[in-house]
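Letters are used for the chains, namely A, B, C and D, taken in the order the chains are written, and counting of residues starts over at 1 for each.
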Amino acid sequence: MPETGGGAIAFHMQFLSDNSARVHPKVWEAMQAADAPDTPYDGDALSTRLDDAFGAVFGREVAVLWAATGTAANCLALATMVEPHGGVVCHPDSHIEVDECGAPGFYLHGAKLLLAGGEHARLTVDSVTDVLDAIRDDVHRVQAHALSLTQATEDGCVYRPDDLAALTALARKRGLKTHMDGARFANAAAFLGLSAAETCGDMDALSFGFIKNGGMSAEAVVFLDPSLADVARWRRKRAGHLQSKGRFMAAQLLAMLDGDLWLENARAANAAAAHIADGAGDRLLHPVEANELFCRCSPAERDALRARGFVFYDWGPDAARFVTAWDAREDDAAALGKAIASL
Amino acid sequence: MPETGGGAIAFHMQFLSDNSARVHPKVWEAMQAADAPDTPYDGDALSTRLDDAFGAVFGREVAVLWAATGTAANCLALATMVEPHGGVVCHPDSHIEVDECGAPGFYLHGAKLLLAGGEHARLTVDSVTDVLDAIRDDVHRVQAHALSLTQATEDGCVYRPDDLAALTALARKRGLKTHMDGARFANAAAFLGLSAAETCGDMDALSFGFIKNGGMSAEAVVFLDPSLADVARWRRKRAGHLQSKGRFMAAQLLAMLDGDLWLENARAANAAAAHIADGAGDRLLHPVEANELFCRCSPAERDALRARGFVFYDWGPDAARFVTAWDAREDDAAALGKAIASL
Amino acid sequence: MPETGGGAIAFHMQFLSDNSARVHPKVWEAMQAADAPDTPYDGDALSTRLDDAFGAVFGREVAVLWAATGTAANCLALATMVEPHGGVVCHPDSHIEVDECGAPGFYLHGAKLLLAGGEHARLTVDSVTDVLDAIRDDVHRVQAHALSLTQATEDGCVYRPDDLAALTALARKRGLKTHMDGARFANAAAFLGLSAAETCGDMDALSFGFIKNGGMSAEAVVFLDPSLADVARWRRKRAGHLQSKGRFMAAQLLAMLDGDLWLENARAANAAAAHIADGAGDRLLHPVEANELFCRCSPAERDALRARGFVFYDWGPDAARFVTAWDAREDDAAALGKAIASL
Amino acid sequence: MPETGGGAIAFHMQFLSDNSARVHPKVWEAMQAADAPDTPYDGDALSTRLDDAFGAVFGREVAVLWAATGTAANCLALATMVEPHGGVVCHPDSHIEVDECGAPGFYLHGAKLLLAGGEHARLTVDSVTDVLDAIRDDVHRVQAHALSLTQATEDGCVYRPDDLAALTALARKRGLKTHMDGARFANAAAFLGLSAAETCGDMDALSFGFIKNGGMSAEAVVFLDPSLADVARWRRKRAGHLQSKGRFMAAQLLAMLDGDLWLENARAANAAAAHIADGAGDRLLHPVEANELFCRCSPAERDALRARGFVFYDWGPDAARFVTAWDAREDDAAALGKAIASL
């Protein structure tokens, strides 16, 4: 990690993480409007509106729970799909495999992650089929119970509707439930120019991320198969994630849906990323289809960029990661793009 | 539960739960002041100040983690003390036994709660000793690894320093770590008129509650034995409780400590409770030593109170629970006290 | 425990535990007959006969798995019935609550045991109803998913068919699956003079014990609801209980069923217990309905009995437990009965 | 799997699995000699001799527990070394990764297996170092707590003392505990011509296998670091692996140690494997250093071998696995070798 000194960062030069970004003013407003006594936990007037509000976005009946982190959202969703003796097919670069300190092992009581490859962190029908075919159908082997993929992927790339249709068809044929980690789902939808439903495909559950996109502390677990939500409610409480003042969680989500703020914010972040991509050219390790860029970049080059005030993470010895957020200024992004181009 | 209709409640008549109360303005201010890019998770400038800030309150070196709920705080603390094959001595009415949907079983990987009695939900040296003595020291029996008690108790009562000293001495003699569930720790300290350190005694860890006391979504796990904190950090991430914008969590806690807002709020809540207690007289099932009152109250009497606008929970068939919060108005509390007196 | 010196015990004076008893010669024969190469695990010719063999005993289709201990059998059965966020209603004296070092917490991933009382360790419709009624139906409380009872009970008493019918009817009405811990199921059947099916009632699964009854190392998990067995097979492997030379496990069970050896052995043990009971008279703490006796007996009296060569466990400060096994000699049992009578 | 029909196999043509082999007569004798009443569980005269008996074999103080399967032995050993939030470095082909239905996830409460490569299923200092170096030292990543390797490996190959010394040195430097899965430890020792201590190296714990080597149902968990054994005792009970008639488990182990029967049996199995290897020539996929052979072998060739009465498993589409056991006849092995040579 760069030496950020643990202190505040001049935000306009900040490409460290969308996790570092500010909270959108409309989210603040909605939270403050929620500051009146109401039924605790998720019995309040806002939490009880979530199913309908998200149902309108997805054009179908859904059941929705708020959760404080993407890790919790992913694990609560998967816990409804995977028995302790089962497994989840996912990509080796997936957040659940790499970045959650084994949270799926905790929430799924020791279930196993079964790794299938694919360029740009995108699973393919072939890679998933290979993994499934290699699992001998006897009690010595962990059987796959679910498939989990990330939209946009950890490499900043996007599944197209056809990709999703093929993967969910495969999953259903093989008896797997399906989960989408949508930490940057909004950026994927914005890039594709498609609806939430089209961006999600026929998944059983979606971790719909808002925190990286201008929220503060609320993600949504959207059960497109609403029958799964009941188990998730028990598991959320049992995991200590049923916040007592849940109205502030619901307020964030509703503010984000209102007027499609989620899409507006994602478009802004993606636009900034596109500006940087213009300068990055063939340094790019992956197509830029959301708000993350991974660039070949030597240590000396990274030093040079940092000397000019840009803040970002190293990505291994020879690359850098730049992430844009909803509040990135076009000028700054363009400046970074130019700076990279001039290296 | 009363039929609150899932909607907003006229707050001045609200004695349902301190969980329903508003967020203190100073907490809002601190959160908004934190709305600038910073290192994500708990690497930000505010989170890294917590150890020192709480250390100053407790007059000793401590290690502090924020957590989103009391359930998470309790379980993260206990997870550092109890092996999966061990147990936790606690009261049958304790929150960890009754109200957390088995969260300790989840976080402690199946460890057992071992129940010891005591009036007003207060453990005693005798009751704990009886439980410990009854555990045959062989591999067939779950051995106690920790003792957990609640300050103020689930019946709204308070352990005195002598009580705590005797219990922690017993625990240490028997090789148990110690944990205090301080969901209403502030109310206990305010009632006792003692410092945080005196109110806590020589515990290894404290779940220091703020949400019921004017916070929004942040509790503190205070490790008075700082060596326990390292394990808790892994477990917090693994439980999906490491929020990416942790600065908003830390901001709440720091605001609460600043100028002893936590004590000021608790004193207000306790004062309101005392007003009600004045009217409740010998209807009270437990001494009122914090901000909760449990009153004998028939269904007809409860109807009468509700008809006058008071909002509260039934507590079994023949009682009612009234809880005051930091924002209770003295007038309303006095009115409730009178209403009860006139039943 | 008595000071047995960790060495061999003169068996004819041994009333310590049916766990200490010898292996029946017919079990030895069957094991040795199984000593030829066969498909490993449970694919062998003997293991694959178990469903039919037990089906014949119970007069219905069942699915049967062998397991090495009663603890494993109980937990594997319950693991098919109880989700990690659920609970099991059982007696405070039940083996799963008291004597398994928290194994249910391990196998059920933190599910909770919910204790219902009853004399002689027998659950009653009233005690179970009280427990169930006290569980508020919301996510804060662990809900019961299963009912588990022990036949014969830990106090050596027996449920009659009417008792079982009432309890299983209650369980079904309340949505609970049902499990019987039959560590001494044979002794119960022998006492009742009823068939296995009548002794078991309409349970979903039975841990059918053989080890205390002349076996060496094999218990049977009998799924009277065969649809539950599939999950149990995965869990057995995952718990390290799928032995590679499973044919020796199956051989023990088949030998026990052959010619109703299980009943013959249990009748012998029960008969010996009845002899002792004759002498124990009103010292008995519980009716003697199987092969265990619990007698009031002071330390001095216990010393006197031990001085005469009888080996048994203390049962708290003022009682002794005597257990008879299939190989108890009538003479020895009668001698013990007389010795107790003469105290 | 071949169609073995679930029935008994003509043993002299049997190269299916050492799990299918018979029990050695001396093991039977020892078990029958143990058939007298004794203290149940592991308090008997034989179980209490295990520490000394294995201590003599290893030339150091050890603590030893019996367990019914290799899976249980591995997991009980690892459970003393790995916290739930940690991980175990092991080979992708290791039994704990591939063949235990996720048992490590169960016993280690969701800890993660971290895969390091190496030819012939042998970990190398380089492959382990790469895995460890890639784990960023922060709470988002599962940290390695232990290293587990298999001796002989799943490909039938053996670590030399230098290999072990380098790997254990690396592990200690990086703060990892060490575990050896010795399902075929005896075959490794026999191949190397080295003592148990040299074959094991400086591991903290060894799963010492006997079942594949002429035993019936007992493996030994040998804690070369005896301080780890205490936790394992609790975990064994909690996993339902503390058998009540443990004397029959201990008897098997002691019989195996007596007169180095374990080595004698392994030498016989290895010798048979060498005969087959003579005929297999360059069809061998791995060096034959124990009692397993993996040969390139087309479906037609496998049919031809089976037509001649040889029983074995397919190993993927183009290979076969042959395993020899203690009771393999040299003639049969030589015949198989010739049959392969003549394909």
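Convention: contacts are C-beta pairs under 8 Å (C-beta built on N, C-alpha and C of every residue); 3 or more make two chains touch, one makes a residue touch a chain.
Computed from a predicted model, the values in this text were never measured in an experiment.
Based on which chains touch which, give the shortest step count from chain B to chain C.
Each step joins two touching chains, and the minimum needed here is 1.
Tell me, please, which chain's centre (mean of its C-alpha atoms) is farthest from the centre of chain D?
B
Return the chain pair with more inter-chain C-beta contacts, choosing between A-D and A-C.
Looking at A-D and A-C side by side, A-D shows more C-beta contacts.
Based only on mean CA positions, could you tell me how far chain C sits from chain D in angstrom?
Taking the mean C-alpha position of each chain, the two centres sit 33 Å apart.
List the centre-to-centre spacing of chain A and chain C in whole Å, with centres computed as mean CA coordinates.
Chain centres of chain A and chain C, defined by C-alpha means, are spaced 50 Å apart.
What whole-Å value do you get for the distance between chain A and chain D if each is reduced to the mean of its CA atoms?
42
Mark out which residues of chain C touch at least two other chains, giving numbers and ranges.
Touching at least two other chains: 41, 84-85, 100-102, 105-106, 109-110, 139-140, 234, 237-238, 242.
Where on chain B does chain A make contact in their complex?
Checking each residue of chain B against chain A gives 1, 4, 6-11, 14, 16-17, 19-23, 28, 32, 35-41, 43-45, 48, 67-76, 100-103, 105-107, 211-212, 216-217, 234, 237-245, 248-249.
So in the complex, the part of chain D that touches chain A is made up of which residues?
Touching chain A: residues 84-85, 87, 98-102, 104-106, 108-112, 139-142 of chain D.
Touching chain D in the complex: which residues of chain B?
Contacts found on chain B: 41, 83-85, 109-110, 139-140, 143, 231, 233-238, 242.
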